[in-house]
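See the structures that follow.
Two complexes, one shared chain (chain A), two partners (chain B, chain C).
Moving on, here comes the complex of A and B:
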């Protein structure tokens, strides 16, 4: 039987990087999912990270909790763990894009991210994103908006087949 | 090696349809995931019923939900409901939806389903549903409570094996 869940590409950083990008994503899967574990050099508990598909930033809604409160806004920016979080702690995230290769509809993006670090503040984030284009997604870029992703940050892009 | 994550069935709509159902779901898996893109013809909740041979429409569903509207965050509960809930969206843009059921085919425990839905317009939400039945789930039917599913809706049911 054909493999349902296949690795398309992966990277684990050996040095700091401002962004990671997956290009030339084949259109042969039903959905794609990007999972990873990150930390950045920003001197804060958290940084901010932007997702772009085919060079365009997604729009959408963000719901997040800090352990002390919950908030919601229309800024679909991820909150990766920053340099002031407990040492050696990295966040983890999932970016799910169903029907990413469609040429007849916009693309919905679902992002879950958590950055527990046994400190006084941590973020749990849910993002509902939209890529308002009928173009198939062939490039995915994640950019740390202030710092850089540190060594050992990892990113795995999987394709999911439905037959 | 036996496949762990297997597609069971896919429904892709080329026109509107009042509901989507998956029946005769094999009990050969440990968990299942129903996931994909949903397009609606109107802003609405998506509700679902479960069953084994016939759908349970009794007051045997309950849920707890966390949501964000883009300007406000909230949480709530519902008990003794006649349907489960897979989230709300106010627009007709595509929305990613994932419904996950662990141990769905066992005949000893009630069934818990985890829902994540990510409409870029509407409520990004995380929902836990409980179906108070020890019956194995072998059918699920989803229905918008207003309007219909629209063209471009594509949902795949995957089975996950633990061994």
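Moving on, here comes the complex of A and C:
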């Protein structure tokens, strides 16, 4: 990562977890970015995962491709790789929150996620999200909506400095 | 049966704590899951309705989807 990025915290799961949550995020950066690589226990090619900021789910628009087509909806839910995808393969994702510490503005959220599956179905997801609150973001939670994130799923939270 | 667990990562203290969800948290998780399922079902129903309306329109116009794309290109 560029020198303007500083690692705030990181984790690689040693056991399954329904959700992971970064708390007490310092308000000293300009933006934050959460990157990671995940897989869940849902017995499907993909699971569904929800992002909550300060305990509130984001709203937004989602564009996703399945390998056979493209769809668009207003459900800002991520599609992590599930247990029926090719074994030992994980997705990758980026969640970018500019001006996360603002106390005067709502926060836009940009998410991209690419699943991994050696088959005809694999998901690529783009979400334009919104956290409709003037409260600085101090907690970020990712929840598997059907199963649990499996061991070796990783999450890295970076703060992006202004210079 | 054991409850699901959560991993809390405190960015101030650097502590990482894995704990079982409380009963309230399990209930909230299940509510979140139910809402996601309902939203998904609604989106799928809307998409199906649009596909049906599109098919009816194409039939009324007497053209195929490929011919419609050609017209709109």
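Assume the second predicted complex is superposed on the first by the 160 of 163 C-alpha atoms of A that agree within 3 Å, B and C clash if a C-alpha of one lies under 4 Å from a C-alpha of the other, contacts with A are read in each partner's own complex, and residues count from 1 in each chain.
Keep this in mind: a residue touches a chain if its C-beta (ideal position, glycine included) is under 8 Å from a C-beta of that chain, and two chains touch if they have at least 3 such contacts.
These figures come from a predicted structure and were not determined experimentally.
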Key: Fit or clash - chain C, chain B, common chain A   = fit
Query = Who does A:8 touch here: chain B (first), chain C (second), both, or neither?
reply = second
Ask   = After lining up the shared chain so the two structures overlap, which partner does A:92 touch, if you call chain B first and chain C second: first, second, both or neither?
value = neither
Ask   = Where does A:135 make contact in the superposed view: on chain B (first), on chain C (second), on both, or on neither?
value = neither
Chain A: partner with more touched residues, chain B or chain C = B
Query = So, does A:60 touch the first partner chain B, the second partner chain C, both, or neither?
reply = first
Message = Contact-wise, after the overlay, does A:71 reach chain B, chain C, both or neither (first, second, both, neither)?
response = both
Request  = From the overlay on chain A, compute the angle at chain A's CA centre subtended by chain B and chain C, rounding to the nearest 10 degrees.
outcome  = 100
Task = Figure out whether A:161 sits in contact with chain B (first) or chain C (second), or with both, or with neither.
result = first
Inquiry  = I'd like to know which partner A:107 touches here: chain B for first, chain C for second, both or neither.
reply    = first
Task = Using the superposition on chain A described above, determine whether A:20 touches chain B (first), chain C (second), both, or neither.
result = second
Request  = Mind working out whether A:148 is in touch with chain B, chain C, both or neither, as first, second, both or neither?
outcome  = second
Query = On the overlay, how many Å separate the closest CA atoms of chain B and chain C?
reply = 8
Note = Intersected contact list for chain A, partners chain B and chain C 71, 73-74
Message = Give the list of chain A residues in touch with chain C in this complex.
response = 8-9, 11, 13, 15-26, 48, 50, 57, 71, 73-75, 77, 143, 145-146, 148, 155, 157
Inquiry  = With touch defined as at the start, can you tell me which chain C residues reach chain A in the complex?
reply    = 4-14, 16, 18, 21, 29, 32-33, 36, 39-40, 43, 46-47
Request  = Write out the stretch or stretches of chain B touching chain A in their complex.
outcome  = 3-7, 10, 35-37, 39, 66-73, 75, 93-96, 98, 116-126, 152, 154, 156, 158
Ask   = chain B touches which residues of chain A in the complex?
value = 1, 3-5, 30-31, 58-63, 70-74, 76, 96-99, 102, 104-112, 126-130, 161-163
